[in-house]
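So, here come the structures, one by one.
Each of the next two complexes has chain A plus one more chain, namely chain B in the first and chain C in the second.
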Partner chain A sequence: ACHSEKHVGQFYTLPSAHVRHLFPNGLPWRFQHQTKTFNETCIMVRQPALEVISCLKKADYSQPALRYLFYGLKGSGKTLSLCHTVHFCYTQGWLVLHVPDAHLWVKNCKELLPSSYSSSRFDQPLQATTWLRNFKITNEPFLSKIKTKERYVWTKREATEAGSPLGELVDQGISRVKSSSDVVGAVMKELRLQSSQPGADFRMAVAVDGVNALWGRSTIKRQDKTAVDPEELTLVYNLRKLMKNDWSGGAIITTLSQTGSLYTPKSAYLPQELLGERGFDSVDPFIPVSVPNYSEKEFESCYLYYMDRNWLQHPQSRTEEGKKELIFLSNRNPSMLERLCGFL
Partner chain B sequence: MAANCVRFAASLLGKGVNGASPTNPVTLQLYRQICGTSALRRKNLAAAGPEKFTPEFIQKQIEEFEIGKRHLANMMGEDPENFNQEDIDRSIAYLFPSGLFEKKARPLMKHPDEIFPKQRAVQWGPDGRPFHFLFYTGKQSYYSLMHELYGKVLNIEKHQDRLRAKGLFSTETKQISLGTSRWLTKEELEELLVETISTHDYNRFIQLLERMLSMAYSSLEEEFILRHRQQLEAQTMHQVVPPLQKDDKGVDFSTAEGKRKTSKSSVVVRDCGSGSITINREDYLHYFPVLQDREQLMFPLQFTGLLGRFDLECTVSGGGRSSQAGALRLAISRALLSFVSEGEREAMRQAGLLTPDPRVRERKKPGQEGARRKFTWKKR
Partner chain C sequence: MASLTRNVFLFLGRTNVSGLGIKEITNRVTYATALFANSTSGNKGLPDRGGRGSVGRRPRREPGEPRTEKMPLDQDWTSVYPSATSFKSNAVPLPVRMGYPVKRGVPPEKKGNLELLKIPNFLHLTPAAIKKHCEALKPFCTEWPSALDTDAKCDEHFPIKVESTDYVCAGPSVRNPSARIVHLKVKLSRFNLDDHARKKMLKLVGERYCKDSDILSITTDSCPLRQQNYEYAKYLLTVLYHESWKIEAWEAEKTAADMEEYSWEDSLSQKNMLDTLLRMKVAGEGEDAEVRKQLLEREDVQDYKDSVVRLKNEGASESSMLQYKEAVRKVFNV
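The block that comes next holds the complex of A and B.
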């Protein structure tokens, strides 16, 4: 957690208990496989993540929340930098609201219900329940501490009284699938209100991966085959409210992602291109952090890590020549390097 | 049909005989065939052997060739006196442009000696008596050559004996410098002797030559031996090396082009020190997401061991993914020639880095579904 500039390029291990709590499915897929193979979770300390962490340390939390945006070429390590920052927040004892991939909410939806709260919107019970479950695992200590301030009515017979612990709200959402999206909205509203208050003893970190999904287009269609705007999805609507700067006492850390995004060209990686006009305006005062490919030192350290774990089996990959070839073929892109070493 | 014709002739003749007046005694001739089938008249071409050209015919062809050469020179507006074979080839290619792929099928104008196969003049005189004493062996030139060779071997041995008698025999004499040459092949020997030889004969010939070489004083017959050796092709490649130019900042760079199967590419290789590569102003990781293409690009650099040293700026157009990668690879290897030593160049040539791939898409033929695939064969 207390990393500094001197540690750039070195790997540090996340304790497995933390990993289980923090990232029930928050890590990228390939990285999860790597974790299973190596039996440990190791993230490299890199410059962009360090910058954000130092900003977080120095920030003033009575001001409105600051927005950080990781952007970069495909496979250059944005999601892992996000995870690094989130882990830092977790170790500092913050409440973490982690959305692993916002694109999952905007495409491939199997069930779409008209919202009970407002008739123009749509609900997504499946994604909402998954998210609530993950939230529960991540933030267990906070669930009993925070109390709701308002009364929420779900159906004619069920209601949650004001002053009940957050845990009950979350359980309500998990058990009553139909109203889970509204529960999500309620949870977000509560947390937003409570962290803004000066008497709050916790800080909130909102970490969203693939934030450009919130303002792009979606592939979900209604029954009459007209497309659904992301605004009309409850989950997206509530998340957008969170992204606005009107609350304080925390930070918003986001990443752009081209891989999951819909209807964007493959070569787009800058914030303007991927967020679109609306998105850019809403996110406007933000701190962009670019995530480049590995520098020489970082490449060295990654290579040594793989050697250390005996991941590179081919005899030629251990020579100087092999290293040069790896540099050439992957162009120092972290994900390409990982894929290459995968079958060596 | 033959029988009908014959009968007809007989009846005609018969009538003729009957109609003739008894005053003119007509000698009765045996009937002859007036017409026959085309099958009977067709000559057995296979039994005649290869076409025989008389020396007069060849001479006439040579004269016609010379005249034609002068006409051609006049047509092209060049000097008729100094018109050589290359000029002839150039002019013919200009006057009769041909799109045929097979070079031997294109129009050609060469000296008759090169076109008509060499044939032996008649070996016997007007009285039927052959000129050469070995004519009745069947392979007269071969046996005369062997006879001559053996005579020379005996000659050398006699010389050696004489020296030994005088006591001046020594084994350290001047050996014939063969250099990079080899014995004539059987085909070349046949061409030289203008007659066919069997493998057995050829082996005997080579054995005798080797024996002669192994003797100490074989330098006496050096000229004779060298006549029967063929110089091997010079091992230097006829490769055009792109020149090494210097940039404004003093950085060496060279340009080269490459082609493969409808893709054309041009590459500028700079000696900067970083290993960055740009293709059509895009990063190569984005342009070639497939590993195979990037490996193709890497091959020339990896082979010469100059991976991280150069900065490549490439442009490529046409073709598909694989052919673009192949074109780029050829262009990179050609550009690297100027940075690399002679021995390395030979190694690259042998590795196949410098050979343009001649494979092009084959044309679809009528009556078939594709270039080679035939339609499904139905038995009935």
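The block that comes next holds the complex of A and C.
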């Protein structure tokens, strides 16, 4: 994980144990298939991720958390850059709060319950339990170390006392599905409070993919078919609180995503277009990092990697002509290249 | 029966000419299902019938050579087409082709081409013809004032430009209702407007103002007469000017959403930035308001403010994003 400018364009392998823990389902779907095919997880070292990693190395953690935002055209590698950065944080021993795709929380909701904590909000038990499970897998070592500071009452008979380990809180959420969204809120609050304290011995990385979902519109409807504002969802509400930089001792790394977002035009990729007025004002000030298509060198490297893995079977793709065709067809866009090579 | 003097070329190629003593050419078009129009005197005793096919054998008169062959190169075109008429293929010496080509062919030629007849042509408005029109109109015109030889001088002395169109028509009535429309164009920079008045004027006027050329155009057509429309346009201009200077009581309720431009003071962005900086405890401890003012004076905060204002006013683009990024990094020393 000690990458530097010299390594731009080279692939590095993530150990599979790390992958199992860190990304139970955090990697993009196509990339997961590729990992299974090649039997290894390789990410290319690219400039945007390097930039953020160097900022993370230099940053001072008694200051409020800095926000980084990856933005770029569709398929240019934003999610993988995020994963690269998250892996770096993991190897440094940080606590990782990874939300693989915030868009999943604002659409296609099968169960919507009125919140037990606050009557105006809605709960999503299914998504909350999935997230809690993933969180547990990722952050095993921290669950016993961190203790809760407050007392949380779930129902008349169940309560979590102050001072109990975080793992218990998470288990509570997984087993009691009804209150899982509130557990998520509690977990986030605890972590936020604790990492701000000067005596804390851990740092927190909040990684959210598709952060523009938090301030966009949602397709979830109430019983009487009126649309639900994302604010009224407990999960979104708590995540927004995390995104504010009133806590210190960590960093917030996010990406924009047009792919899952609702009611946005397909050609929109700049932060201001996708975040909207409210979103921009909430995330401001942040450091936007642009993720461009592959450069010449990166394209070469990706092509050689596919050749090395014997992924390109077509005889013409191994020639110079074939390479030029691939450059032309995919415009050096990483995802287009990957799809094209899948046919060969 | 109406006898028409016309050159019509027949697709079936049969021409019946009757009335040999008469100069007129009466053509009968024979189609399978059309009725005959019987000719008048001069019938050589043909029996009257609406027959198809077996018309009497009349000697077919060949069409003479087209006029184009006889046209000299330096002829006076204005006399060939003195007014707007349809396209006459034997009077236009150009090898024009028009229409959808048949398979593996070319567009059909001009002889007998209905497409060329259908479209409007401007063969009567060649430069030579226009010169003649101008010469004919000259006795009715007065001279242009010699002092106004540049556009700038015209604008300076006569800032308001009024346009209206006259129509000449030889029909049952000489009046044309479109003649009542009046366009009034004026540059806003000539007006004495302060900031508030200018913004209010732009809001009142809306679409009628063009930002690039700074011209306000008022078009009136609601009154039936041109003179009434002209007075109305002048009245509108006067009213707009005076109203934009007045300040109403309800204008104090202008919200941030109504503002034309983004102003950084008192905005969420400024609040966020200040809160962050305070939390970073960059400045020393002190009075809250003073500390805020000090923070605002800092150069990197000013840079940040410029980049945010640029982003909001101009919209997002790569360069403005880069500028914003640099500004944020400087503020946070990263």
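Methods note: the second predicted complex is superposed on the first by the 344 of 344 C-alpha atoms of A that agree within 3 Å, B and C clash if a C-alpha of one lies under 4 Å from a C-alpha of the other, contacts with A are read in each partner's own complex, and residues count from 1 in each chain.
Assume a contact is a pair of C-beta atoms (placed from the backbone, for glycine too) under 8 Å apart; a residue touches a chain by one contact, two chains touch by 3 or more.
Just so it is clear, the model here is predicted, and its values are computed rather than measured.
Aligning the two structures on chain A places chain B and chain C in a clash.
In the superposition on chain A, A:C55 contacts chain C only, with no contact to chain B.
By the touch criterion defined above, A:Q272 reaches chain C but does not reach chain B. When the two structures are aligned on the shared chain, A:F328 is found in touch with chain B, with no touch to chain C.
Of the two partner chains placed around the shared chain by superposition, neither chain B nor chain C is touched by A:E168. Of the two partner chains, chain B is the only one that A:M336 touches; chain C does not reach it. In the superposed pair of complexes, A:D284 makes contact with chain C only, with no contact to chain B.
Between chain B and chain C, C contacts the larger number of chain A residues.
Of the two partner chains placed around the shared chain by superposition, chain C is the only one that A:D246 touches, whereas chain B remains out of contact. Of the two partner chains placed by superposition, only chain C is touched by A:P64; chain B is not. Put simply, chain A uses no single residue to touch chain B in one complex and chain C in the other. For chain C in complex with chain A, the touching residues are 267-269, 272-273, 275-276, 279-280, 304, 308, 311, 315-318, 321-322, 324-325, 328-329, 331-332, 334. Within the complex formed with chain A, the chain B residues making contact are 275, 277, 282-286, 291, 294-295, 298, 301-302, 305, 307-308. Those residues of chain A whose C-beta lies close enough to touch chain C in the complex are 55, 58-59, 63-64, 66, 71, 245-246, 248, 270-273, 281, 284-290. On the chain A side of its complex with chain B, the touching residues are 73, 266-267, 321, 324-325, 327-331, 333, 336, 340.
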